[in-house]
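Right after this note come the structures.
One chain, chain A, links the two complexes that follow: it is found with chain B in the first and with chain C in the second.
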Partner chain A sequence: MDLSEITFKDDTRYAYAVGRVRALETKLFTRADFSRLLEAADFPQALRLLAELGYPVSEEIREYEPVLEAEQRAALILLDNLSEDDGLVEIFRRRYDYHNLKVLLKGKHSGQELKRATMDLGLVSVDDLAEAVMGEEVGELPETLARAMAGAEAAFAESNAPQELDVAVDKEQYDFMSQVLRRLENSFLQTWLIWEVDLQNIKTFLRLRWLDENVKLLERDMLPGGSLGTGFFREIREEPLDVLAQTFTMTPYGKAVAEGISQLKAKKSFASLERICDDLLIQFLKRSREASFGAEPVIAYLLLKEFEIRAVRAVLVGKLNDLPKEKIRERLPSEYV
Partner chain B sequence: MARLKRISGCSVALFAVLVMATPAFAQAGSESSASWFRFGPVTLSIAGAAIAVILSGIGSAVGIGYAGRASLGAMSEGTKDFAKYLMLTALPGTQGIYGFVAAFLVLLWSGIMAGDTAALTVDKGWQFFCASLPVAFAGLFSAIQQGKVCASGVNMTTKQPTEVGKALVLGVFVEFYAVLGLLITILLLISIRG
Partner chain C sequence: MRLAVNATRMQLLRLRKRLAIVRRGHKLLKDKQDAMMRQFMELVKSVKGMRARVEDQLQAAFQSFLLARSTMPDQLVEEAICMPGMRLSLKVGQRQIMNVRVPVLKPIVEGSIRCYGFVGTSGDLDISLRFLGGVLEQSLKLAEAEKTMQLLADDIEKTRRRVNALEYTLIPDLIETIRYITMKLSEMERSNLSRLMRIKNIIRAEE
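After this line comes the complex of A and B, so read on.
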């Protein structure tokens, strides 16, 4: 879907919500805030700075993950409170159920205790989900999760490859999200999802192409709901990398793909490509400032907050591992550095 | 938009009922028309005054609702620019006042307020009714749109507090058309009064 096709609904039910979100947007981290965080001498100082910037860091907290999860929870609670459409709360909280499902399934099949990697931010509690995964009892689970679990188990039984678990759950997740967004008839959010899926597929494609994996994996790993189908990627699969960049010129991702490929060739790393894709999505989300009424600014705030939290996590992990600030900076979206 | 259509639809229906119910129509129609259904000049003038207040009042209430909710949203996150938000929220309220002024003039100049309606004819009643329409409809639509402009102005002011002046100026542009409506209503009332 092209940007010119996006229309903002004049949904005045969101007048209060948008007013509140505009105030919250002024508290999102700026370049200056990230610059201060990057300048922090060590991990404890970075945590102290984070507290100054409004994150819920208390004196006794030594770990960063609970802090980030609390901030994430606050953003989701805000969505719960401000959303006038149940479907929106469902898709944006359900994403955590899919994440937890993937973690628990991988834990089950690898025999490892991975519950620590779950995030209790979804609509189904991690304990209930764990019970369902371990007992293979899907009776209590919502239909989409039950389907995702059954699909993942079937795919894993066939191939015994742990990646199959991720792919099967991701496919169900994006399928479910596009169905709900289609029902809500919100062109901004529908386009956001298409962009997210397309960029995810482009990254997967370039990774497979770079590693020279076979075409079977391409068909397995492509997510549904984007504007570029598996056929498109299959057709261009044999093209040299330089030509590949040109095949995307007619899409909104042309410049990003070209830059991503040149960075990939120069640095032999996918970090820049990830960053470029994030930049594109952040720029897209910032278009929500054109809407005075509607759910778009509320969702855009939630997603921008998630980008911010992810960037903060990258800085803290870097500080914890004593990485030089230039190395950390490379991983942050250009919006923040 | 659906709400606007509903309000417009109700107004047209009210207008049609009044036309059907005036003595000229009632007499031309069936003999069995009930007498309570026949509106005279006083009723028409009162209907004019009422419609001016009701429609412009609805417009102002809806418009203030939009701007007010946006202001409350911003202030609930600790934004301390109450004075700026107050100005933007109050702006769509003027249409309601215009409707009130027009209704007051209709009641005064038709003689209803003084209890002297002997000289009021059905024609005059219709004239008072029609003279009330410009302020009623201009007030209704402009207040709702002004509320949207002001809510956007509130959102802009939250991010750029120094730009409140620009938000107010753009809000006032919408006000202009309500003022024109009031002006025409007053001119019509003056000419009816003679």
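After this line comes the complex of A and C, so read on.
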């Protein structure tokens, strides 16, 4: 995928949104902010710093997850308010419906009450989704969710393996995202999705290799919609790690994958590979700054905010559990450390 | 302490026979105790190594799990691992060590320990589960060895008490009683002899 092919259409409907987002972008955490967070003496001090940096931390809050969820919710509400395309809002909020669907399906098949694992950020209420999963009111569900549910149930019935539920729903989710972005004819976001799918598939491939799992799972676990098809991975599945790194040189991920593989070999950890993949996506999203008007800066802001929230979570969990600073640093995008 | 028995020749013979049996039993128990101690010490050594290995692996698993939690929201972690894909059943058998019945645990594992899709989950979760999968069999072996150690220790304690009871109570008591009866019988014999001599003297004087 040649990045020079990406064009930004001037969509003046987003003139105000872009202006607003440009102002908000200045409040995204910088390397200095993360450095201060990392140097915090303990978890309460890190929370105090977070409050100073604008996160909704009140005096009585002692946990990090509600704070991060509130920040995530605020970013999604901002997208709701600024987006002129319903499809964009749907893509990013539907992700939580798919997550809730997976939780409810697993709850149904394991006989557990798992509502605590659901996220109240989607477009369908958890109760409605629960009713549909339990076999009532399926007709009310959006088509994509109904299809994901049917696919997941069929796959699970065949093997009884819980990961089948995840895989079927994830595939439907990415398929749906790809369809919506094609409809919106937004080349930047389409390319972003291709990168996201490719990088996810590369990580999946290397994780499967590392876990020595059946190669048949390769076909099952790969997401659709990337530029590297299942055939590409099938051809290289037996290659040793050193050779593997070279097979990606013709892709935009060549350098990053080579470094990720060398770190995987040296440290026996996926942290570097995951960080490098995140770095690539962050660099890609930053290209949205070339757009004067359009949905791209708004979406890029949302996604960059999500990277920031993830990095904040890594620091807070590290502080709460006294994890070595180096281990936390390894998991933060290079942008932040 | 002397046993409450009549000081008769019959009792003396009976007690001597009993002392011989008790001494043989004491020797056998002492040998059993020594052999069990040897096995126990070997087991302690191997259990120490096994426990250290299991604890190291568990620590690595928990640290990887914490690292996975650091990059995933709690709800995602919960969703990923709420429904296990692996079923473990345990076949419990028995074997004997020095007449002590100890358990033999045989795990029967079905399915894969990975129970989640790769999207949205961290590689640290794979590492954590891989450590846990590896440590499962080792912890069952450890549980088996520790239970064996506990049962052996109980039996060593029981045997030690028996050996001590024989060595410091029963055998000294028997020896004391035997000595008492021997002395009593000798005394009775002496007294009988002197009585006979006295009677003999009286009869001679009358003649």
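By our rule, the second predicted complex is superposed on the first by the 332 of 337 C-alpha atoms of A that agree within 3 Å, B and C clash if a C-alpha of one lies under 4 Å from a C-alpha of the other, contacts with A are read in each partner's own complex, and residues count from 1 in each chain.
Note that contacts are C-beta pairs under 8 Å (C-beta built on N, C-alpha and C of every residue); 3 or more make two chains touch, one makes a residue touch a chain.
These figures come from a predicted structure and were not determined experimentally.
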* Asked: After the chain A overlay, clash or fit between chain B and chain C?
  -> fit
* Structure fact -> Comparing chain B and chain C in the superposed model, the one touching more of chain A is C
* To do: Scan A:186 for contacts with chain B and chain C and give back first, second, both or neither.
  => neither
* **First, second, both or neither for A:25, with chain B first and chain C second** => first
* To do: Pick one for A:16: touches chain B only (first), chain C only (second), both, or neither.
  => first
* **For chain A as apex, the angle formed with chain B and chain C - C-alpha centres, to the nearest 10 degrees** => 170
* Applying the touch criterion given at the start, work out whether A:213 contacts chain B, chain C, both or neither, answering first, second, both or neither. => second
* If you stack the two complexes on chain A, which partner ends up touching A:144: first (chain B), second (chain C), both, or neither? -> neither
* Asked: First (chain B), second (chain C), both or neither: which does A:317 touch?
  -> second
* To do: Applying the touch criterion given at the start, work out whether A:288 contacts chain B, chain C, both or neither, answering first, second, both or neither.
  => neither
* To do: Quote the smallest CA-to-CA distance from chain B to chain C in the superposed model, rounded to whole Å.
  => 28
* Indicate the residue numbers of chain A shared between its chain B interface and its chain C interface, in ascending order. => none
* **In the complex with chain A, residue positions of chain B that touch it** => 1, 65-66, 69-79, 148, 151-152, 154-155, 158-159
* chain C residues within the chain A interface of the complex -> 63, 66-67, 69-71, 73-76, 78-80, 82-85, 111-112, 114-120, 122-124, 126-127, 130
* **Contacting residues of chain A [partner chain C, same complex]** => 65, 68-69, 99, 102-103, 106-107, 109-110, 112, 114, 116-119, 161-163, 165-167, 169-170, 173-174, 200, 203-204, 207-208, 210-211, 213, 221, 223, 268-271, 273-274, 310, 313-314, 317-318, 321, 323, 327-328, 331
* Which part of chain A faces chain B closely enough to touch in the complex? -> 10, 12, 15-27, 292-293
